[in-house]
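Which chain is which? They are A, B and C, in the order written, and residues in each are numbered from 1.
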C-alpha cells in the first residue's frame, strides 16, 4: 500500500510529500522506544496544569490563525509540534531530572515542564509561520526542545538563576532562536506572497480567542512552577496586575501611533500580552503590585512601538521576516523581564522579605550559600546573556539545516497558503446557494454549472473581458 | 513624535482621536499612583478564580460579537474596559475592605471581587454596544465601578443582604444602569445603521463561544464568593439546575413564538443564560434543586418573551435602544432573582437549615442578631429597590456626561461599524485569489485591477447572460 | 396567544413546528415533577468537573460545526440535548445509586456522571447530525440516557467491570447506538444534500475549537471518576501520553493516505482524539506511559484508516450514513479500548501492583472476592459484548420510533441546512457595504437595491450605472 502511494505522489504541489508521514512516524517511534523505561510517580496534581495546557494548544494555536489563508496550518501544525514536543521534552527532562533506578519517574509536574518547553517552540514557530513545512517544524521542535532543556539546566541548576515564568528560558530563548532561524531562512521574494500575509475579518476574531485564553491563564503560567503557597500566590497576583496594565498601555500606544487615532488589531492581539512576559522572571519575587503595573506598562509601550517601528526595520534592513511579530511580544518583553528580574534580585531587602525569606526565595543553598542579593543579580544577568548566545548559536545551526532544499518548503509565491499542505474540500464542492426564490434565475434554461460561473458569459464576448470575474467568484466559494 | 502625530490626525474619521490614548494613559497612571500602597497577602487561592476570569473576558467578550461588523470592537473594547475596570475595582474595594496600616492587602479573593464588579460593567456595555466610543466606555467604567462599589457596600455591609451570585448588585444594577445610559443617549436616526445591526452567520457562531463559556462557568460564578464547603456546593448545584432548565424553556418559547416554529439564535445565545442570573441571590440558600429548576424555567420563559415583545416596545415607545437585549438577559431575571432571594429568606425554616444553620447562612450577627427570616426578607427587598434607584440615578448622571459632544462618538449612520475605530487591514489588501490554474486568465493582457470587477461587464451583452451572477453575489452576503 | 400561533404556523418549512416547544416543555415539566424529592449532599467538589462540562458543551458542540451551513444546529442542538440529558441522567442515576429516605442525594459527583452519560448521546448525535429534527433528538436523548444508565449499571455494578474513562459504556455504546439509528433512518436520496455536507474554511476552524478543548481536557475526563490519588493521577498521565501519540500517528496517516501527501482537516479534527477513547478503560490501570503511547498510536492509525477506507464502505454497502465519522473516532477506538482493558486486567501482575494493589484497583470485593485477573479479563470482554448488544438492540427500537413520519424531519434535499430550523437573520438584511468613499457611486440616482445586484446590468446602460457593483464585490473581500 505504502509503496504505491509514494509512487503516485510524484509531481504534487508538495514535492517531498512522503517526508511528512515518515517524519511523524519516526518521531513517534523514537519516543516509543525511549519511553520504555518510564514509570509514573504518585505526585499530587498541581493546580494550573490544565491552564498551561490550554495556553499551549488553544492559546498559541489560535493566536496564529490571523492570516487569512493559513488558519489550518497555524492551529494544525501548532497541534502537531506541541504533541511531539511534549513527548520529547518528557523524555529529555526525565533523563536529566527524574531518572531513578533505570526508570524515568513521570508526574504531572513533568507535564507542566514539558508544556513550558513546548511554549518556547510555539514562540519560535511564530517567526517562521507560513514559510516552513511540517517536516521542518518537526526538526525544529526536536532541535529546540533539546537546546531548551540544556539552556534551562544551565540556568536553573548550575547558575541557580530564578525564572519562575520563563522570561528568559522560554520567551527570550524562543524569540531569538526563532528570529535567527527566520533570518537564515530569509526569502528574497516573499513579497510575492504579500497579499496572503494580511489578515481577514474573521481570522482576526479567531486570533482573539487565542489572545484571550493566553491572557486569562498567564497568571497560572507564571505561577505554575513556583513553590506552593506565598510565592505562587505572589506570582499570580503580579502577573495579573502586569497584564492589566499592558492592555491599557497597548491600546493607548496603538491609537497614538496611528494617523487617524484608530486601533490596530495586531497590537491588541499581541502587545496586550507583553506584560505577562515581562514579569515572568520576577513574578514570584517581591515585585509588588505597584512594580508589576509599571513593568506591564513599559512592556506594553515597547511592544506596540516594536510593531510600528522596529518590525519594519528588522524586515527591510536586517532581513528578518518575523511573521507574527514575536520580537515585539516575546523578544523585547523577555529581555525587559530578564533585566527586571536581575534588578529585583539586587534590591531584595531583608526588611521586606525577612532574612530567611531572601534565602528561601532566592535559593541561597548549596554552593550559593555565600551569595548576596548582588551576586544573585549578576547571575541573573549572566543567565540572560547566555540564553541569548544559545539562541543565536542554535538558531544559526538549525537554520542552516532547514535551508537544505529537500524538506518540502513552499515556494516564495506560495507561502502563507493552506492549500499547499491541506486538502481543501471546498474546492471540490460547488458554491452554496441559499434557497431564496426571489434570487433564483428566472429562466434557468441556459445550463450553467455554478462552478464554472461567469467566465462563460456569452459567446459573443471575447474571453478576455469576463476573465476578471472568474477568480473573483471562485474566491467567493473559498474564502468563507 | 507625539506632537506631529496629533497634528497629522485632523480630519480623520474619528474626530477626537487624540482622546483615546490620553484617556487610556490617564487611567493607567491614576492607578499607578494610587496602587502605591498595595501589598499582597498570603490568602489561599480559591477555586473558580480562573472560571470567573474566563467568563468576563471570553464569555462577555465573545457573546457581544454577534454584530456582523462590530466583532473587533465587541471583544476589544470589552477587553479594554475589563482590564481598566479590574484595576480600578481593586483600588476602590481595597480602600473600603482591605486597608490596613497604610496598605491595601491584595489577595486572589480581591481579584474575584474585581471581576464581579467588571461583570456589571460588561452587562451595561451590552446596552450601549455599537453606539459609544472607547473614550466613553472608559468614563463609564470609571463611574460605574465606583457606583457599584458604593451600592455593594450598602447592600452587603450595611443592610447585610445576601447576594452570593450578584442577581441584584451585578445584574440588576448593571442592566438598569446601562438601560438608563442608553435612554439618555437616545439616537433618533439609528435606523440609518439598521442594516449593520444584524448578525452574520459566522458572527453568530462566535457569539455562541461566549454563551457556552458563560453557561459552563456560571456555577463557579455564583459560588465563587460563598463560604467554602456546604454553601458553595449548594450554590454550584442550584445554578447548574437552574441553567439546565432555562435552556429547555428558552428553546420551547423561541420556537413557540415564531410563526414557522423556527428557533432564533438571539434567544439561544441569551435567554439560555437567564437561569444563572435568576438564582444568583438565592444560590447558596436552601433553594433545593427543585426550586432552582422552577426559577430557571421562569427566567427562561420571561427572558425569551422579553426579546420578542418587550424589547421592541422599549425601543419604539420608551426610546431605549438596547443593542444586546440586556433587559431580557440581566434586567428581568435579575429582578426575579432579587425577589426569589427575598422569598427564600422569608421561608427559611429551622427544620431544614437547623437553627444555627439559619443564623450562619443568613449572617444574623452584629446588629442583626435580633433578626428573623421575615426581617431578612424585607431587607432583601429594600436592597433590590435601592439598587434600582442607584442604577437610575447614576445612569442619568453618566448619560448626561456622555452626551457631551467631544467624546468621539460615531455618527448615527456609522454605528455598529468597526472601521470607525479600527484600522481595517483588508481594505488595503487586494482580494485573495486561490491558485487554481483552470480559473486563471488565459490572456492577462487587459490590465484590470481585481477590485473593480463586474463593472466592466461590457455594454453589448444581453440581459440573460448576467443572471447567473445574481445568486452568486447573494451567496457572497450569506456565507460569511 | 398559543392557539393563534399554532394556527398561523401551518404550511411552514418545518411541518410539525408546534412539536418542538411542546416537546421541550414536556421534558422540562417531567423533570420538575420527578426532581421533587431531591436534596443536595455536602460532598466535596472533585477537581475536573468543569473540565468535563467544557468538553460536553464546547468540545462536542463545536467539533460538529464543521458543516458549512449547519453550525447553528450543531452547537445549538447539542446544547439543547445536553441540557435535557443532564437533568434526566441526574434523575435516573439518582434513583439507581443515590436514593435514600425518599430523597435523591445530589452531589457534584452526580453532575460529572450526568455529563458522562450525555457525552454518550453527543457521540450518537454525530452519526445523525444534519438528518434529524430537534424533536427527534429529544426523544433520542430520553431513550439513550435511559439505556445508558441500564447498561452502565449492569457493567459497573453487576459485572463489576472497570471502565474509568468509559471506552465501553460511553464511546462504544454511543457510537454503535448512533450508527444503528442512522442505519435504520437510511436516506436513499441524501446525495441531493451532498453539496451542503461539505465543510467551509471557517467552519473547519470552528470545529478545531471543539477538537482542542476535547483534547486538552480528555485527561480530566478519563480520570474524573477514578479513586482519588494514585489511580486518578495514573489515568490523567496515561491519557495524556496516548493523546499525544495519536496526534503524530494521525498526521502521518493522513498525509500517507493522500495522493499528494496533503493533510485532511477531518482527520486532524477527529483521529487525533482517538487515543483518548482508546485508553478509557485501562486508563487507571498499570498501563504505563509506554503502553499508552502504543495504544494511542494504534488508535490514531485505525481511526485515520477508518475515515479513508471504512467510512465510504459503510455508506455505500451497509447504508450507514455517518455524518461525523463517529465510527472512526468512537467506534473503532472504543472497541480497541475495551480489548486493551481486558488484556491489561489479565496481565495485571502482583509484582507491579502489589497484591493489595490488584485487589484494590480491580475491586475484588463482594462476590468477586474469589476473582483472579483472568476472570476479570473475561468479565471485561463480556462487558464489551453486552454493550454492543445493547447498542444494536436499542438503536433498532429507537430508529423505528424515529422513522415515524410526524417528528418534523427535514426532506432529503434539505438536510445539513440550518435554515430549516433556524430563523436566518441575514436573509432579511441586505449585503453589508463598507464605507469607502472611493467606491461610492458617484451618481446614486438609479434606485438599485443592493439585494438585486448584477441582474440589472442591462446592455444599454453606460458604464456609470454599473458602479454600484463595485462596493458589492468589494464586500466579498471584506466580509470573510
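By our rule, contacts are C-beta pairs under 8 Å (C-beta built on N, C-alpha and C of every residue); 3 or more make two chains touch, one makes a residue touch a chain.
No experiment lies behind these values; they were computed from the predicted model shown.
Under half of the residue numbers at the interface between copies chain A and chain B are found on both sides, making the touching surfaces mostly different.
In the CA-based superposition of chain A onto chain C, the rotation angle is 120 degrees, rounded to steps of 5.
Averaged C-alpha coordinates give centres for chain A and chain C that are 30 Å from one another. Inter-chain centre distance (chain A to chain B, centres taken as mean C-alpha positions): 30 Å. Multi-chain contact residues of chain C (touching two or more other chains) are listed as 68-69, 200, 202, 209, 424, 427, 451-452, 473, 476-480. Against chain B, in their complex, chain C makes its touches with residues 2, 5, 8-9, 12-14, 17-18, 20-25, 27-28, 31-32, 35-36, 38-40, 42-43, 45, 50, 53-54, 57-58, 61-62, 65, 68-69, 71-72, 75-76, 79-80, 83-84, 86-87, 106-108, 111, 134, 200, 202, 206, 209, 421-432, 434-436, 451-455, 457-463, 466-467, 469-470, 472-480.
The touching residues of chain A, counted against chain B in their complex, run 47, 51, 68-69, 195-196, 198-202, 204-205, 208-209, 212-213, 215-217, 220, 229-230, 232-234, 236-238, 240-241, 243-245, 247-249, 251-253, 255-265, 268, 272, 288-290, 293-294, 297, 414, 417, 419, 427, 431-434, 436, 439-443, 446, 448, 450, 453-455, 457-458, 460-461, 463-480.
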